[in-house]
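I've put the structures underneath this note.
In what follows, chain A forms one complex with chain B and a second complex with chain C.
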Partner chain A sequence: MVDLSLDEDQRDALQELLNISMGQAANSLAQLIETKIDISIPKITSVTPTQLYSLLFETNNSFYTRQSFLGDVHGEVMSVLSRSGLNEVAALMEYDEPLSKEDIQEIILELCNILAGACLAGLSEQLELTTNLNMPTLFSPDKGNFDELQWQHSLVMEVQFIVAISSFSMRVVFCLDDASLSRIKATLDDLLA
Partner chain B sequence: MFEQLVGKLPVGIAVVDENFNIVYLNDFFLDRLPHDQRNTFKDTPIVEMFSEQGKFIKRRLKSVFVLQHPSFSYWEQRPHIFPFKSSRPITGEETQMFQNMEIIPVKDKNTGQKLACIFLQDVTAQASYFREQQRLSAALKKEHAAQRKLIRKLDSAQSQLIQAEKMASTGQLAAGIAHEINNPIGFVNANLETLSQYASHLIEICDSINEHVEGVSEEAQHFVKNLYEKNHYDLLKDDMQSLIDESTEGLTRVRDIVENLKLFSLDNNDETKDININDIANQLIKLVSTQYPEPTYKLDTPNEKIEYTGHAGMLKQALMNVVVNAAQAIENKGFIKITLADTESAITIKVLDSGIGIPEKNLSRIFEPFFTTKPEGKGQGLGLSVAYTAIEKHGGKITVNSKEGKGTVVTVTLPKNT
Partner chain C sequence: MAIPVLVADDSKLSRRSVIRALPPELEYDITEATNGQEAIDALSGNTYSLLLLDLTMPEKDGVDVLKYLDERGDMPNVIVISADFQPEKQRIVLSLGAKRFIRKPLDKEELAMTLFELGYL
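For the complex of A and B:
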């Protein structure tokens, strides 16, 4: 089996790239909804499927989405969006009250599309990779299914966005498949060389 | 060739510039436009041409131009962005087209101008299939829920049936026993009465002999005295009457039990007549409160007169048993409240007490004949069984709710047979 864990240099480099691309993502959203967005420092961790489940889905009062991307690297972006504060964000996105169920779904999907898209675009640009994001879908994960996933470990990159004027927050988690991880490692090595 | 290909693609393709003016529409769009617009669409703002969802289209285009990132929309949340019909204008089945939309940022290779390309997919078939599935699934769920409800109902009906069956067979048995016991009780009672008379005669004779014995020979006196002593005459004389009295009392108790058994098996010819439940309740309170003066009794009734046609004796007995139980459940202070309700279809009599309550493990057995927790001789365990059969006979229901240490509510519902 190929060793897929990052060494310290690789991790630092990736961390720096993530900082930049997440910042760009926050800017994109801020620009679109004309409000200030705070971001957490991106976290890079290695998880098992069960850990991934706990990381993402053991939160109350949240919406979940997933979105896959293809191209030079393949993977999925999963997002956890808080229910609270969503109304304020909807107003910023020019949706009229009261929000229907469909409106809420549309807002959630659009929000994660914007953020995941911006993050991925930023990261791809810095690593000089071509990626295309597919349409996001709502996700209602089942723990049992997670326990049966084929992979053992995955590198995840996690960042949290917080809309300053409301209680809304959103976590975006990137997961890569093994082949893409090898490719990223190679690219990082090239950058570091 | 590419232009032809794009033109004929089975997805809608529209290209707009940064001012949201239309630059290009492929055949998918053109075929669906009103005839007069087909040649004039160029440089028309897309949000004007499709004004119904103009605000939404504009928002999404703006996002694509600002972020330079694709935007998606699905039929589930926004089914009809462009007001297109879904095929077959002649043979019917014409519905609004369900659409998925994707907008991607593009750049004109020659001019470097920023453009946005709208892809529109007709997903009416999937959508209607999906919706049909959802409808089916909802219908199935509903049916499933109805079935579960029915199963629960069946379950409770079955246990009611078993209970009724149990009561009926015990009733028959009770009637048989009552009949069999009644005969011997009759003659034993009669015999006891005669025996009692005989006994007093005998004592009289003996006493009289004792009084007159002084006048006879010493030998005879000695003989009589010896005879009396040997047979413990004093004890015999004292004890005999009380023995007989006790036996008579015991027999009376046996007769009461048999009477109750007969009531329980409804072995009587009580005719139905019009009765006022209100009166019965008042009588009951009067009767029970003399025997059990401790609790506070209260009657809550909506009317002076609540009329019902039924077997008066049976009903009185049934309610009496319930109220007596309530009174017996109260150890020191407490209350008993009888609430009457009169609706179009039924009369409800609720007897609530603040007594000791019934332990849960006993609740399922309280209607069983001979089930009692009272000490021996204090209760026969027939009260509620009698009540149950009586109420059942009227097509009614009797239910008990109880909480240990808090109290008990017995609810009797009598349907009106009009």
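For the complex of A and C:
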């Protein structure tokens, strides 16, 4: 069996590439809503589906989205968006109060496209890989479904965006399948050579 | 004479790419710091002509390092090299005395041009 764990240098490199991608994503949103976005230092961990479930869904009062990506690497992006502060972000995005259900859905999907989409695009570009991200969909997490996830030993790349002057935050988690992880490891090694 | 340079970035890959991007016409005496606190420790005991500073770092971040230098009043030439290039971030670091702001991924030419503008080349 191929060893899919990352060594220290590979982890460091992936973290840095992710950091650069997050910067680009945060800048896109900051320009749109004219507000500063704080970005976390990316966390990279290996988790089982049960651990992934806890990692993502221990928080209450959130919206959840998932979107798959295909291309040179395959995987899924899951985002957790806080309900709190969403109204303030909506106002910055020039939505009028009161927000309808459709408005809320549109805002969530837009934020996912901007942040998760830009993160994946930035990472792919730096690794010179082609990826196509599907549209995000809202979903309700169900623990049962997670045990059947294909990301049995997924590499989780977790980033967090916090919008200043509101309590809104969003976490983005990337899950990769084994073949994609292998491919990314090889690409990182080329970069480090 | 070699230019004393402090490179502060938590990523080894990034420190390496910054060091590799330094124009080969000059000689450098390079010290590396892997977080903001290490950078402050290095700055408190040594004199550097140039600080190449990342912003998003653990312990203390790049803005903390700039605040330390700003309060101390004695500042090397600081070039911030960061992935977080939102306008507000750029405004903050320049107001704290950084000379230039360069976006990651680092462009070799841009670093050389910046060093030229600061009188090194």
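General observations
Throughout what follows, the second predicted complex is superposed on the first by the 189 of 193 C-alpha atoms of A that agree within 3 Å, B and C clash if a C-alpha of one lies under 4 Å from a C-alpha of the other, contacts with A are read in each partner's own complex, and residues count from 1 in each chain.
Following the convention adopted for this analysis, a contact is a pair of C-beta atoms (placed from the backbone, for glycine too) under 8 Å apart; a residue touches a chain by one contact, two chains touch by 3 or more.
The model shown is predicted, which means the values in this text are computed figures rather than measured ones.
Steric overlap between chain B and chain C is absent once the structures are superposed on chain A; the two fit side by side. Once chain A of one complex is fitted onto chain A of the other, the partner contacts of A:Met135 are limited to chain B, with no touch recorded for chain C.
Look at A:Gly75: by the touch rule set out above, it reaches neither chain B nor chain C.
Using the contact criterion defined above for the overlaid structures, shared-chain residue A:Ala121 touches chain B, although it does not reach chain C.
Once chain A of one complex is fitted onto chain A of the other, the partner contacts of A:Asn113 are limited to chain B, with no touch recorded for chain C. Of the two partner chains, chain B is the only one that A:Glu102 touches; chain C does not reach it.
When the two structures are aligned on the shared chain, A:Glu94 is found in touch with chain B, with no touch to chain C.
When the two complexes are laid over each other on chain A, the CA centres of chain B and chain C sit 140 degrees apart as seen from the CA centre of chain A, to the nearest 10.
For the pair chain B and chain C, the least inter-chain C-alpha distance in the overlaid model is 14 Å. Where the contact sets of chain A with chain B and with chain C meet, they give residues 31.
Touching chain A in their complex are the following residues of chain B: 55, 59, 62-63, 66-74, 76-78, 100, 102.
Across the complex, chain A meets chain C through its residues 9, 12-13, 15-16, 19-24, 26-27, 30-31, 36-37, 39, 41, 126, 191-192. Note for the complex: chain A touches chain B at residues 28, 31-32, 93-94, 102-103, 105-106, 109-110, 113-114, 117-118, 121, 133, 135-136. Per the touch definition, chain C reaches chain A in the complex via residues 10-14, 56-58, 82-89, 103-105.
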